[in-house]
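The two complexes that follow have chain A in common; it is paired with chain B in the first and with chain C in the second.
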Partner chain A sequence: MVRFKLELARWARGTMLARPQVHGLVGVRDVDEQIMDEALTRFDGGLRLFHMHAEGMGTIVILTTMVAATWAPTAGWRRALVALLTVGGAGYPLGYLVWAALIPYRGVEDGKRLAEWLVWIPFGGTTIIAMWLLVAVLVMQMARRS
Partner chain B sequence: MRRPPLVVVLIAVIVMALGETAGAVMSQLRPQTERYALARIAASPAVHGLTGSAEYDDEVRARTVFAVEAGLSFFHTHAEGLAPVMLVVATLVASLVASRRLRAALYALVTVGVLFPLGYLGYAAAVLTLGRDDGVAFAERFMLTPLGGFAILGVLGLLVALAARRAPVS
Partner chain C sequence: MKLLVALLLLTLAHPAFAHHVGAYTPRDNEVSANFKHLKFSIEARKFDVALRLYDEGALRKELRSRAAQLPAGLDGSIRAALQRGAAAEAERGLMVFVVSLARDLALEADRQISDAGAPADVRAAAGRKFLEAIWRYYNLVDFAVTQRNARAATTVRLAFDEAEGYVKAATPAPERLREPLRRIAHALTGVIETSSQSARRDSS
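For the complex of A and B:
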């Protein structure tokens, strides 16, 4: 993002200019520049959110799978929790990369809708379910001890 | 590495799970959240300083909704960020602090400190209940500062305990 900022912006801008209908470009410089500026801001935002979520979710995957490996009651539970936490946590941040890549081709809103259905909802949903299953496992362990 | 008490792990994982869920709620239910916030503002015009002047009131409403959404967003980021940190701190306490009493004190600080992100949920609720400025001041004074203080004391306590450890004689 830092090293290739200019190249990325240039590529996104060129791809958008090649698809004026997708972005609602009308051929009036003042109007089109504003539309493209907004789309480029979202494109940059998508890359930043990918960076941030990849760093955050990576840490969470390591820690939650450690907790699952320590406290899961059976090998089956352990395997299921580790698989769900890993797949969900590793896949979710990629949604921001997919969104950013789709913006020049499909526009901000359509790109977001696609990223939601392709990545955020399946992988984010998996992570949320896995997290609450892990909470349930910990509560069961606590009840068993008391 | 030794494992920290189950209750510390449970609370940290609950905060992480809440943070994950809040992220999904923020993205999928954003229009509903905004509508709810606007309805609450409209229900208490005096609290929010609405004057009846459309232009001014729109500005007040926009700033208040922004503060509520910021509270939810900060809750999401802090829950995902602080809870893992506190889990690591508790694991280090379990593994490296020899004194049982000191360990218990540090676990207590870490367990309360991990609740810090919930202060941002309180922040969002307080903004809607008390108005933007009073709500922010209330949340900072009664939720964020004390809970954050416990988290800071927990980490500092671990640092002091580690610094005070005797180096093994070779």
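For the complex of A and C:
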């Protein structure tokens, strides 16, 4: 990412300049430079957040699948929980990459809306459901023993 | 043990409800950054530093490129004031330049928003961006304008608030934006004219 930072920024800038209407560019430097600066900052931020979440969610996937593999009541539950946690955790960070890639083409807000519906909500939702299921499984097991 | 794990999972799940996308803080452009450096060095009475910043900075370059729309001799008067160590006069010259940048933006915004062919939401979005740009410049000199022409400063602030209301409303009304933009342009033109006249009086 650092190595190609300049090339990526140039590409994003060029793509945005080719779509002035998408980004609301008005042809006045004092206005446009701020719009471009915000979009490029968000583009860079999207790539950084992708990197950060990919690392963080990796740890969460390992931890939660370990818990699921240890305490899931049946093999079916274990497979389902591990699959949901892995797919959700691995897919969620890609939303930031999708958002960053969409910014030059669709703008900051529209890109975010698309990334939300395409990646963050489905994969983030999967992770949340899997975690709640895992909690429910643990609570049920505790209740059964007591 | 299971209770602890269950609690840990709950705390892990909670942040997943909201994905954060970071925050953006608008940055200074070359002209506003140069203006701030100049202002601080003038306030510290480091006129040699201020003169160097003025001679080599983006502000003077921009001032020269817009010389036709500015009061005659503005560049020379700012430079002479910095050489003499006349802080008030240098500040007035810089204020006139920044006010003229804000005024030109208000005029251009009025021109673009009057284009009835563009959809209302596009005009409202453009209006919002123009207002942000106008405020970025005007905010630099608001105090100096208030000191010299409190009525104009109040007019600009009130017109700005009104204009913001039109573009930030649930149903934006870009056609109503033109009136406050004209008031801003008119008040700022007044500031430029009176400041230039008083500068001429002081020098004669």
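Observations, loosely collected:
The definition used in the following text is that the second predicted complex is superposed on the first by the 146 of 146 C-alpha atoms of A that agree within 3 Å, B and C clash if a C-alpha of one lies under 4 Å from a C-alpha of the other, contacts with A are read in each partner's own complex, and residues count from 1 in each chain.
The rule is simple: contacts are C-beta pairs under 8 Å (C-beta built on N, C-alpha and C of every residue); 3 or more make two chains touch, one makes a residue touch a chain.
Everything numeric in this text was worked out from a predicted model, so none of it was measured.
Look at A:E33: by the touch rule set out above, it reaches chain C but stays clear of chain B. When the shared chain is aligned, chain B and chain C each come close enough to touch A:T127. Legend: residue contacts after superposition of the two complexes on their common chain; A:Y105 is shown touching neither chain B nor chain C.
Look at A:W77: by the touch rule set out above, it reaches neither chain B nor chain C. When the two complexes are superposed, the chain touching more residues of chain A, out of chain B and chain C, is C.
By the touch criterion defined above, A:T64 reaches both chain B and chain C. The interface of chain A with chain B overlaps its interface with chain C at residues 60, 63-64, 67, 71, 116, 120, 124, 127-128, 131-132, 134-135, 138-139, 141-142. Considering their complex, residues 3, 6-7, 9-10, 13-14, 16-17, 20-21, 23-24, 27, 80-81, 84, 87-88 of chain B touch chain A. Those residues of chain A that touch chain B in the complex are listed here as 56-57, 59-60, 63-64, 67, 70-71, 116, 120, 124-125, 127-128, 131-132, 134-135, 138-139, 141-142, 145.
Of all the residues in chain A, the ones that touch chain C in their complex are 21, 24, 26, 28, 30-31, 33-35, 37-38, 41-42, 45-46, 49, 60, 63-64, 67, 71, 92, 95, 99, 112, 116, 120, 124, 127-128, 131-132, 134-135, 138-139, 141-142. Partner chain A is touched in their complex by these residues of chain C: 2-3, 5-6, 9-10, 12-13, 16-17, 19-22, 24, 26-27, 29, 101, 105, 108, 112, 122, 125-126, 129-130, 132-133, 136-137.
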